[in-house]
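These are the structures in question, set out in turn.
Below, chain A partners chain B and then partners chain C, in two separate complexes.
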Partner chain A sequence: MLSVRQLSIDIEGKPIVRNSSFSVPLGKITSIIGESGSGKSMTVSALLGILPPGAKATGQALFYDKNLLTVSDKEMMEIRRTHLFTIFQDAANSFNPSVKMRHQLFEFSGRKSGDTNEEFRLKMEGILDDLGLAPEIMEQYPFELSGGMLQRCMIACALYMKPGLLIADEPTSALDMVLQKEFIGLLKRLNEQHGTTILLITHDLDIVAEVAHDMVVMRHGEVIETGSVTEVFDCPKHPYTKLLLDSRF
Partner chain B sequence: MKSRKALTFWCTILGIIVVMTIFAGFLSSYEPNDMNLDEVYTSPGESHLLGTDHLGRDVFSRLLEGGKVTLTVASISVLVSLVIGVLYGGISGYVGGIVDTVMMRFLEALITIPSLIIILAFQAFMQGGMWSMALIIGVTGWLVTARIVRSEFIRLKDAEFVKMAIMFGTPMWRIIFGHMLRNSIPAIFVVTLFNFAGAIFIEVSLSFLGIGVPPAIPSWGNMLYYAQNDILIGAWWIGVFPGIMIFITILAINFIGEALKDPERRRLDA
Partner chain C sequence: MTVKWIGKRMMMGIIVLFIVSFLSFFIMHAAPGDPAAAFYGGNAQTLNAAEKERISRVFSLDRPVIAQYGTWLAETMKGNLGVSYKEGRPVSTILMERLPNTLLLFGVTLFFIIIGSIWLGTTAGMKAGSLWDKGLSTASIVTSSIPAFWLGILFISFFAVKLGFLPSSGTGDIGGEGGFTDKLRYLLMPATVIVLTHVGIYARFLQESIKAESRNYYVTVARANGVAEQVIRKGILRNASIPYLNYIGMTIPSFVGGSIIVESLFSWSGLGQLTVKAVVTKDFPLLMGGILLTGLIVVLSLFVIDLITYSLNPRLRKGDVR
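After this line comes the complex of A and B, so read on.
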């Protein structure tokens, strides 16, 4: 579904990511794992076309035969609107603190699919209920909800939109262990029930072992190993992957 | 909880002052400019609540009418400075880069000049009335607002929810108004309140120096100006009451601003 070939990212001449190639197969959960500063988040930014100013991406990232790195802003907007959904690290900061949840959830979901307010309300309430969230949260402000609830609201939007590809950039790092587990379960459900392809960025090997089908290991801006999770876990080829696996509890 | 009580108290005080000046016409039994040379320098008492001045004008009526003028000048100037400040700071913070640098250096250059001097210079050749004075105070008073708006915009520009909004293709004006300006409101509100107190103070000082509101229009400042001579002959009431009003008003505004600035009351602490 998404295949990245020879992706390189420079920020003002300084290479951040070099010649990375990997692919995200349809209907699977693919995980990019690597330590902080290994270029995972930059790779995602490049795919989404939100690189910081001064950064330049070269190579190819084919998404439904469109190169995400070279499409026009307008096309990118269209792809992001219809096919992609992104969950960022810290859900608490992903919502505007001074706007009620109802408007924000609508902004992230209903508006994109062109639903009316009423359609949105009915559908969203069903989804929220399904996720164990009371419909009252629609009338609350983000700071009145916990981090876990907000992250679930993000998932609710993803469930509403049923995007082709869900990109989750370290979605669990701001959550405690119990919430992490719950959240991972939700991702799994999204994948199994709706067949959503998920690109999961994380530095937590346990999460990878738990949900991912395929994995990509990054280090110092390079992809050093790719393969299915069972394969890589059973016989890691690269010394760094071995080290990574050994460092698990 | 203590700060909440203080806030209510000072809001009430300010509210009373504002309401009294707005309904000046109903509350006073004399026209503010009615002279009665038979009753000059009457001390506060039955017929004239706060006494009369050197032309026999009722001090209470003039106090309310003067309050109206002073507060109007201050409000208009604050509105003007708010608009300029938000625009200037917003552009500077949102665009960033070289534009920001140039705009901020220019602003810093302006900040080094005491605004009272600029206002004095303007007043000297404009010889303006109430409106032009409000305008001048506003045009010189936006610097702090601009700085605050700029810093808020810079902080919010990097906020995750703004990035999210950009990701989701939210139109730029919606991001600016719905996300950035909306979340800057607490800070803008507080700085505007302090600006308001400052504007009252400037109006009063200018009128006291005799170059503010024209003599025909009563204001707290020029009441004080004319009271200078009266105090010497023992008519203390002409100067004391406007002084008290100025004191209480500025005090109330400052305390309200202080209470709102209290971090516990701010829900936005990113």
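After this line comes the complex of A and C, so read on.
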């Protein structure tokens, strides 16, 4: 589904990510794991075409036969609009604070699939109810909701859109333990019920062990190990992966 | 909630006006010089002690300042602003003659400053790093560094003296029936001077505000998820306009202060020029009236701006401070 080859990212000449290759198979949950500063978030930014000014990505990232690193802005917009959905780390700041949730949720989901306001309302209220959110939150502002609720709103949009690929960049690191568990459960459900392919970025091995099928280990801007979760957990090849697994227990 | 908020704002406005009147009354009386002498103007040396005392008694200037203030305040509350020392006409009549001119100048300049700065600031702010962006940053420093009075003198010497197609001063042709177009000809130069010296800095503020807002997390999230660009821009503009409006509100007093100088320079017969004249002639009732009316204009403008901010910012409406 997504195949990244020889991805390198430079920021003003300074290498951030070097020659990284990995792939995300269709219908699976693939997790990129690594400590902070290992370049995993930068990799996501490069895939989404939202690198900060001064940063340059080279290599190849094939998604539906299109190289995400070289497509035109217009094509990228179209891909983001129709095939991708991304959940970011900081849910509390993921919404515009002065716009009602209903409008924002609509822009994130209904508008993109061309639904009318009424269609959107019915469908979204069903999804929200399913996620344990009252329909009243549609009339509220983001600052009136908690981080956990906002992250569930993001998931609601993902459920609405059923994207080809869902990218979740450290989606749980701002949530407490209970909410983390709940969120991981939702990801799992999305994958199992709707067959959504998920790329999950995290630094938490427990989460990887719980939901992911495949994993990619990154360190200092390089991919050092890839494979299925059972494989890597059973016999890690790279010393850093061993260290990572040892520190878990 | 909203009614309570408006009521609170109005109370604060009244308190501000009260403090302004109190301070200016005492500063006015503490200033050196004698109203009686000022009353005689150039002939002050012919004034003898008895005459001076008579004038002071007639105008109640021999009473303690606090008692004078009390009387002034009590009368003002009843709507009586007193009689001008110099002109002998009711202060309110004189003020009402001047008010339309000041409102015209204030309204026209503020309108063009806001329109101009929104256009320039948005164009520059939305294209960070572009020629527009860098150009405006420089141009705003240049234009806001030019003193309005100097630019005014330059304009007079060029458009009025050299080219001769714009009047150098005044508010209309003497005895002319020119009507509104005539007034516009007189308005053109002072208004242009004020707009040119202000528009840059307001545009710059909006530009920076938009750039700061565009760096926000939610903008990246929206863009990464393919939210339409015009929707994102609308959201940015809405949020960036709140600090911009606050900035306009904060600078309105100094803006009014600056237009007093321009009014005097172009002899634009507005409140500013009147107030300056009242200071020179120590015409206390007229001065107090002028200050109070200018203060009222400032307070009302701030109130309108607060009202707009209030409607734009849901956090204010919901009383949330996080």
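Basically, the second predicted complex is superposed on the first by the 248 of 249 C-alpha atoms of A that agree within 3 Å, B and C clash if a C-alpha of one lies under 4 Å from a C-alpha of the other, contacts with A are read in each partner's own complex, and residues count from 1 in each chain.
Keep this in mind: contacts are C-beta pairs under 8 Å (C-beta built on N, C-alpha and C of every residue); 3 or more make two chains touch, one makes a residue touch a chain.
What you see is a predicted model, and the numbers here were worked out from it, not measured in a lab.
Residue contacts after overlaying the shared chain place A:A134 against neither chain B nor chain C. By the touch criterion defined above, A:C235 lies against neither chain B nor chain C after alignment on the C-alpha atoms of chain A. By the touch criterion defined above, A:L26 lies against neither chain B nor chain C after alignment on the C-alpha atoms of chain A. Counting the residues of chain A touched by each of chain B and chain C gives the higher count for C.
Legend: residue contacts after superposition of the two complexes on their common chain; A:K112 is shown touching both chain B and chain C. In the superposed model, A:T82 makes contact with chain C only, not with chain B. Shared interface residues of chain A (contacting chain B in one complex, chain C in the other): 48, 50, 77, 80-81, 86, 88, 90, 93-99, 107-108, 112, 141, 143. By the touch criterion given at the top, residues 129, 216-218, 220-229, 231, 235, 238-239, 312-315, 318, 320, 322 of chain C touch chain A in their complex. Note for the complex: chain A touches chain C at residues 48, 50, 53, 77-82, 84-86, 88, 90, 93-100, 107-108, 111-112, 141, 143-144, 157.
Put simply, chain B touches chain A in their complex at residues 159-161, 163-170, 178-179, 182-183, 185, 267-268, 270. Against chain B, the residues of chain A that register as touching in their complex are 48, 50, 77, 80-81, 86, 88-90, 93-99, 107-108, 112, 141, 143.
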